[in-house]
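Notes follow once the structure below has been shown.
Every chain is named by a letter (A, B and C) in the order it is written, and numbering of its residues begins at 1.
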């Protein structure tokens, strides 16, 4: 440390600085600027907040599509995130108890996360939800009538929610490690006080891992607001636009339709929404997160 | 550290290489979309071109249909489009053809072998913005196997003297009943998506009322009651074994690969005659796909055949600036459309060209029976019916914005909901009427 | 008597909880894995597998035999799954190598060196951690497709160059999550290790390579694996940047694998499995380091 050249850190940071300026700051500002312009052919004109007015105007095609995709995305997020948290916490809890072959189970739960995000599997997921697909075959075996997943709004939403929840593995691993770090002494104390295992889960386990719940919750929230692959490859936004999430609409408008300006306006609304929720959750964390200090 | 340096050098080198590559005016870039057969044939034609005209080189940019439109859109916005590129009829309007596409008459291409009005829909402000590759219309094609009894091989329906192909909607529904009552999972047609049902409905309404769905003032030509009548017609088809009762039962989006089609449960489709080969390719050899034209309505005013230019070759405006390039592009396009060997290779995969010379060549190709192909047969029906309609003063040419990406959702979305049985005919008709005119006006303004 | 009863009822409770535990886990694992198993089984089945049971009733190997060939979307140019795989590697490999390297260096500088503005840099990294990607996508697309820039990479046949937009970012440490993971891990390594090396006269970089690397190996592999998975599975990136069929990577090819005159269901499934095989292999290879590390670093925040 002594006699270390002062400029070394700065030189080594240059890649990051370039990355930040070119790949983060520049697009961030540029996207806002772009949203204030309108384009006809190859010329752009400044139109102020017109694009934002347009996308919130229910009477136009664009507006009604955008409002619809907001509703769809909100539904998706607020169903999927709690489901992921609950399922992964539950499984992690069971795994944290002494289980034979815990390595096998851990891997098998993590596999879908690795594979499930791959385009190949998502495409095949479609076959699973088809009218004659795997799930309906299973229902037939159990004596139930087949459900048209991809033909109904609720069914289609179910299929993309299930696709994401199926990939709960990574969230589960994080919980698993957090559970391992809860001191045994707390459990022992609770047992002495006469609390059942069930009760202990709520009075000891959960409070101790609230920081991780916060972390996972926020990460998943930010991620699910931007869901793309499932709605595009499995349901194509349908049926009847019931799975037309925002990211897909932005893709349709900006890349398919060529209107980058409205696309950036939509991205900014999405960004503000995500930021608002993130801040909200962090603010609220004061009341329910316990830090081990 | 070393890695970063190495990468830096690599990038500089490639930058230098790019800078050194001068714009070669004898190289033509040609972009198209297609599937396996078309791609192979196109590359063969390109090779042939380069051998016949060694001074020219062609850079082929093959793409799938998926993603072609968006990438073309972006390339046009940036000025990086190919020199010659395949376009859909309506893109001339929605992609600012006036600003980006060159007037092909300036290339000196001979348009005299094409019918007089062929290029009118492709002309904006007296500029012909693309060369028509072929025209197309929606035609019904039926799979004979579905119309036969599985065990005996006899036809399940006979309209007299052994004729099993229906000619009217009435007969179609009779056939549907016959098929569906014998095999509950088989249908005379099967599943149709919103796009196909739209054109079928508008064709039916055209037959009854003699009107094009969009009139000269760019407005919807049908009243709410007339639309409801159209929807009721669809309901009739669904209750007589022609169409599946609800699209919830079958959610496969892709027609040719739909297992119900490939396993011969669905007896027919309504499709552009230029796109029929995709459906034929997925059927087993026991199937027999035949052309069935457009079903008629007793006492109708007209035959109800819509048509449009199916695809066209557009030329980038940048070609205008160089005489050498212009000559090269002209030679290439003329080669692809009228050179006997090229035409024999490319066949009718992009449809039957309206160019008389090209048609003569196709007829004379000895080893391929193009005249009896499904595309050609469909093409003949389209042209005959359309010309007869014109003589009656009825013009059913597809409106330039009918297939516009965002506009089509106005009529396709209610139809889709109707097919999924979530709304009834009244609601569907109302929804279409509410937005049709305003949205059309909005997209036409650009 | 009472004591015995209490003990036996306690034992009963223990047994039932054991049983319930295993039931939950096994059922969950079954639900998780069965679709994958079914897909494998279907790849050996000639027709559509219309049953719940995964075992093929019409066994065929044809799907696997022809799994690497041109899946019908190709042309005379002979595209095949291997070609698509190579295309994929052309952006995955630079992304993983450069990404791991640049984020490692950046994290090292932040945790082990002193300089003005360290707090600011750290805050910016955490700030961009939660920033949704969507906001960057469109302007970057506009940037990469301006005529001057697009002539550098679009259609460029030099290996790796044709996919520049998909990996250049990682050269410049844009992956905030990776930086974050490295930082957390560095914090768990005691400085004594560094100090000892300095005593022996080593400089900063030497310390990193020779002293800390062995300890860092697990986290480096973890970060590399995560970058690999993310890049390999990327769909929207290739969708908007790669438009020339010659350059299609797996993500663009796989949705187009449909049935046609030459492809049966067996083909479709077999090709999909082959495509993810790489993922599976890489995952299992790196797995030993991975499981457990991801969580550790994430918590201490």
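Basically, a contact is a pair of C-beta atoms (placed from the backbone, for glycine too) under 8 Å apart; a residue touches a chain by one contact, two chains touch by 3 or more.
What you see is a predicted model; the values in this text were computed from it and never measured.
> Looking only at C-beta pair counts, which chain-chain interface has the most contacts?
Result: the chain pair A-C has the most contacts.
> Comparing centres built from CA atoms, which chain ends up most distant from chain A?
B
> In angstrom, rounded to a whole number, how far apart do the mean CA points of chain A and chain B lie?
Each chain reduced to its C-alpha mean, chain A and chain B end up 39 Å apart.
> From the C-alpha centre of chain A to that of chain C, how far is it in Å?
Here the centre of chain C sits 16 Å away from the centre of chain A.
> Can you list the residues of chain A that touch 2 or more other chains?
Residues 15, 132, 255 of chain A each touch two or more of the other chains.
> By residue number and range, which residues of chain C touch two or more other chains?
Chain C, residues with two or more chain partners: 48, 141, 171, 239-240, 255.
> Multi-chain contacts only, two chains or more: what residues does chain B have there?
Expected reply: 4, 70, 74, 79, 259.
> Looking at the complex, which residues from chain C come into contact with chain B?
Of all residues in chain C, those touching chain B are 48, 72-77, 97-98, 101, 141, 145-147, 150-152, 154, 156, 158, 161, 171, 205, 239-240, 243-246, 252, 255-256, 258-261.
> For the complex, give me every residue of chain B touching chain C.
1, 3-4, 7, 14-15, 17-18, 35-36, 39-40, 42-44, 61-64, 66-68, 70-71, 74-75, 78-80, 254, 256-257, 259, 262-263, 278, 281-282
> Can you list the chain C residues touching chain A in their complex?
It comes out as residues 17, 21-22, 24-25, 28-29, 32-33, 35-36, 38-39, 48, 50-52, 102, 105-106, 108-109, 113-115, 121, 124, 128, 130-143, 169, 171-174, 179, 198, 203-204, 229, 232-233, 235-236, 239-240, 250-251, 254-255, 257, 269, 271-273, 275-276, 279-280, 283, 287, 291-292, 294-296, 298-299, 301.
> Tell me, which parts of chain A touch chain B in their complex?
That would be residues 15, 39-42, 60-62, 130-132, 148-152, 236, 238-241, 255-258 of chain A.
> Residue numbers of chain A touching chain C in their complex, please.
1, 4, 6, 8-10, 12-13, 15-16, 18-20, 22-24, 26-28, 30-31, 34, 90-91, 94-95, 97, 99, 105-112, 114-115, 117-121, 123-125, 128, 132, 134, 137-138, 140-141, 166, 170, 173-178, 181, 197, 211-212, 215, 218-219, 222, 225-226, 228-229, 232-233, 247, 250-251, 254-255, 260, 263-264, 267-268, 270-271, 274, 278
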